[in-house]
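Structures follow.
Two complexes are shown next, each including subunit A; its partner changes from subunit B in the first to subunit C in the second.
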Partner chain A sequence: MGNQVNELARGIIAGEEKALAKGLTFIENRKSGYRELLDSIYPEVRSCPIWGLTGAPGVGKSTITNYLVDSLANRSERIGVIAVDPTSPFSGGAILGDRVRMMDLAGREGIFIRSMASRGALGGLSPAIMDAVSLYQAFGVDRILVETVGVGQSETDIVSLADTVAVIMMPGTGDDVQTIKAGLLEIGDIFAVNKADLEGAETLAGLLQSMLSSRNGDEKWVPPVIKLVASQGQNLDTLLEKFLDHQKSLEKSGQKEKKEKMRNEMALKMHLQARFQDLYLGPLLGTEDWEKAIKSINRREKSPAYWAEKLISRSD
Partner chain B sequence: MGNQVNELARGIIAGEEKALAKGLTFIENRKSGYRELLDSIYPEVRSCPIWGLTGAPGVGKSTITNYLVDSLANRSERIGVIAVDPTSPFSGGAILGDRVRMMDLAGREGIFIRSMASRGALGGLSPAIMDAVSLYQAFGVDRILVETVGVGQSETDIVSLADTVAVIMMPGTGDDVQTIKAGLLEIGDIFAVNKADLEGAETLAGLLQSMLSSRNGDEKWVPPVIKLVASQGQNLDTLLEKFLDHQKSLEKSGQKEKKEKMRNEMALKMHLQARFQDLYLGPLLGTEDWEKAIKSINRREKSPAYWAEKLISRSD
Partner chain C sequence: MGENKIRVLIAKPGLDGHDRGAKVVAQALRDAGMEVIYTGLRRTPDQIVSAAVQEDVQVIGLSSLSGAHNHLFKKVAELLQEKGHEDILLIGGGIIPEKDRKQLEDVGFDRIFSPGTSTEDIVSYIKEKVNG
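Take a look at the complex of A and B:
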């Protein structure tokens, strides 16, 4: 095991594509030894900008991501892409694993794409996503793009992961004010209204603009609102510029470093939770103690709160 | 503290509305003593159907929930509503806390509404939501409705919470196939295409129908697809009927009990995690050990995986 992990780590650090792919799978499946792998590559992690794109399904995220990745690759950058998919509650795997949305880019020189499930076994942003970022950074990419589907939870998680977040919206999804209120204002560094040729695009963009102007004003960066017609390539260059502008602004203000520290704290918390799960929760499932607790809860004798206390003190 | 908790538990069990409201706040804020409260009311928890509604913002969930709650209340049922809101990544609170969507119903006899944040401090479905269900059930409601906003994560969580899940969709949100693929097929017991007077509704409903027909076939229940124009009250009665039908089907097949057991297992896991957080993770934050670990991670000396192992073995 140790040798295999060392070999893998060496390959990743040396920039071998096959090792990267294998390492990402290793990390995602939480195979034994993944902690050693992370530990081996960690000193070689090199900071790079992490960009995030989020929005509801169907707003055109894939088209936009394709453009960004393509443009950056044309500038001879090496790009790591992580496409975060909603997790199936049944299989536990990513649902869009078979997705075609990145087909155009896959296999191109300097472009590395991985689709990953959004959440860990017990909920929350999957720690594997954060570890995949480290792997890309040890392998040596110039930039990482993370695309998450969703309005609800995953899009709030992206804030702790990415330096710069673009929220993609589109007109005509009904109650626009509600959509906007649902946490997105706080999340985005850039707002894009895609399908701007559709009715309601002006209204949505205007609404966004006015809501953003009332956002907490002690920031240096005022999030721009951009109208796109991504399918026709319209204004995508402006979006790319805004990403680059925001990145410069972060570097200048020292926020980049601050964000990195926050990301590290988050990673440590996630690994502590994973550890708890592996060491205590996992081994507990199905034991006599566990079954006794479940039975008692089913009979409504004692509450889950009671049994959690009992079981955790027993494992000390 | 003990006395206050006892008093609260007594009030909830006696069906006092004020005690319920206070208890729900107690549970949501995780005030010290909330475990004792849960434990005190737990033997009085009475099973009742739990219905879930989920869908992206703007699809009309609120109108639909309003109708269902209104109809059931007119049948002299007591209804507990939990409106699950996306959590702000910054304030940690629910974002739509000020929402108006349930205004019509609030304060009506036999209708109890609580808006709650979707997630716990460390991600995942907030355990408080599950505990709120227990509180409602000890208080004595005939039915619980849980409404979650979101396509992504929260809607997969609803499966572990509700007996019956209705997925609400609408036409015109772009890439319908992608929308449908994003895990929703596996989640819904009932599918509703709202705003069925809009272009594309037929196509969406047809697509859903054909995709559902290829869903794993060893089930007794075939999820119906209903077309609604909720704003005009169109077909909402059919939706209510389907909810009642599914509930009967669950009771007949013994699935209701099975779902309850799964819910209990989930609740125990959540409480164990909360316990871990309170006992280990919380006290660790900001300590000398913690700061040392963060510094080492920031300097890329050792990985989060390494430090998680170190820190957790130290706390044993």
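Take a look at the complex of A and C:
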């Protein structure tokens, strides 16, 4: 076991693709020894810009990611992509389809793409995805792109993970209130209205503009709204420029360190939550106390809140 | 501690525009709790193998209805061997005549499923082979 971990760590640090691929599986499956793996690569983690793309299914995230990766690789950058798709809550399985739009990138030097299922993480990102970023950074990439499905109200995790977040939208997906309530306005550094050749694009872009101008704060960065037709390559170069601009602005204002701190806090929090679950929740499930609590809740004797408190105090 | 999810790459090599069957299989595998990386139509053997390596899948499933399976399927098997990935379970399906099936199994395919195979059979075959 220890040998396997050492061998993986060595390979990842040496930039071997196969070791990175195996290492990602290792941390994703939370195999015993995954902590040691993370520990041994951690001193070699080199921070690099992390860009996030989020938006509802079908708005064009993968097509846009494909363009960005292609352009950056043409500048001889090494790029790591993490494409997250949801796990089915019913079967635990997933169809990871982001490669359909990125297949021309397959096999190209300096591009590593990994599709990951959300595996039940509520905010869209699991701790394994934070760890995957660390593995990429020890492997040695110049930039990481993370693509997540925004389901509307729960993709705020991407803010803690990425330095720059682009929210991708398209016209015709609901009324104006949807746009406001989804909480997307608060998380984007860049807003892109894709499929801008469809009716309603102008209205959506206008609405975004006016909403964003009232976004509070003393931020120096004013989030741009860009209209795209990604399938025809229209305006994608502008989007790339905005990403680069935002990155410069972060570096100038000293926000970059703040983002890094936020990311580390998030990673630590996620790991702690997972440990708490292992230590406290896991051993309780199905025990006599547990059954007793459920019965009492069923009979309306005591509330779940009461029992949570009671069980926690008993478990130490 | 962790659980070992079965990861499968489903691909259609070559010039073949029909992917309904591949999608049906992909869904069946998802419903059986597997993570399925679906790569879409018209892929080259190089793209398929390179994607399979980065995704670290235990299984590759190829589908072909175009008649070019002998060449394309064989190429995938060769590339996998070349790169030292014989451990990946390699299966195929589509319109593939009996005699070609045997030939493909000789060059490295673990199994070629014939038209009419039930998705349950594919699921249980994969589970048995991967989990032992």
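Keep in mind that, in the parts below, the second predicted complex is superposed on the first by the 293 of 316 C-alpha atoms of A that agree within 3 Å, B and C clash if a C-alpha of one lies under 4 Å from a C-alpha of the other, contacts with A are read in each partner's own complex, and residues count from 1 in each chain.
In this text, a contact is a pair of C-beta atoms (placed from the backbone, for glycine too) under 8 Å apart; a residue touches a chain by one contact, two chains touch by 3 or more.
Small disclaimer: the values here were computed from a predicted structure and weren't measured.
S.K.: Quick one: classify A:A117 as touching subunit B (first), subunit C (second), both or neither.
M.R.: second
S.K.: Using the superposition on chain A described above, determine whether A:N29 touches subunit B (first), subunit C (second), both, or neither.
M.R.: After superposition on chain A, A:N29 lies in contact with subunit C alone.
S.K.: Mind working out whether A:E17 is in touch with subunit B, subunit C, both or neither, as first, second, both or neither?
M.R.: Second partner only, subunit C.
S.K.: Contacts for A:L207 in the overlay, against subunit B (first) and subunit C (second): which applies, first, second, both or neither?
M.R.: Neither subunit B nor subunit C is touched by A:L207.
S.K.: With both structures placed on chain A, which of the two partners, subunit B or subunit C, ends up touching more residues of subunit A?
M.R.: For subunit A, the partner with the higher number of touched residues is B.
S.K.: Just checking: does A:E309 make contact with subunit B only, subunit C only, both, or neither of them? Give me first, second, both or neither.
M.R.: A:E309 sits against subunit B, while subunit C stays out of touch.
S.K.: Quick check for you: in the superposed arrangement, does A:L240 touch first (subunit B), second (subunit C), both or neither?
M.R.: neither
S.K.: Regarding the shared-chain residue A:G107, is it in contact with subunit B (first), subunit C (second), both, or neither?
M.R.: second
S.K.: For subunit A, which residues lie in the overlap of the subunit B contacts and the subunit C contacts?
M.R.: Common interface on subunit A, subunit B vs subunit C: 34, 87-88, 90, 95-96, 101, 119.
S.K.: Touching residues of subunit B toward subunit A in the complex: what are they?
M.R.: Residues 34-35, 38-39, 42-43, 45, 56-60, 85-90, 95-96, 101, 118-119, 122-125, 130-131, 134, 148-157, 159-160, 170, 172-176, 178-179, 181-183, 186-187, 195, 260-261, 264-265, 267-276, 279-281, 284, 293-294, 297-298, 300-309, 311-312, 316 of subunit B touch subunit A in their complex.
S.K.: Inside the complex, what are the residues of subunit C that reach subunit A?
M.R.: Those in contact with subunit A are residues 1-5, 7, 26-27, 29-40, 43, 46-51, 53-56.
S.K.: Which of the residues in subunit A come into contact with subunit C in the complex?
M.R.: Going through subunit A, the ones touching subunit C are 17-18, 21-22, 24-25, 28-32, 34, 87-88, 90-97, 99-101, 103, 106-107, 112-115, 117, 119, 278.
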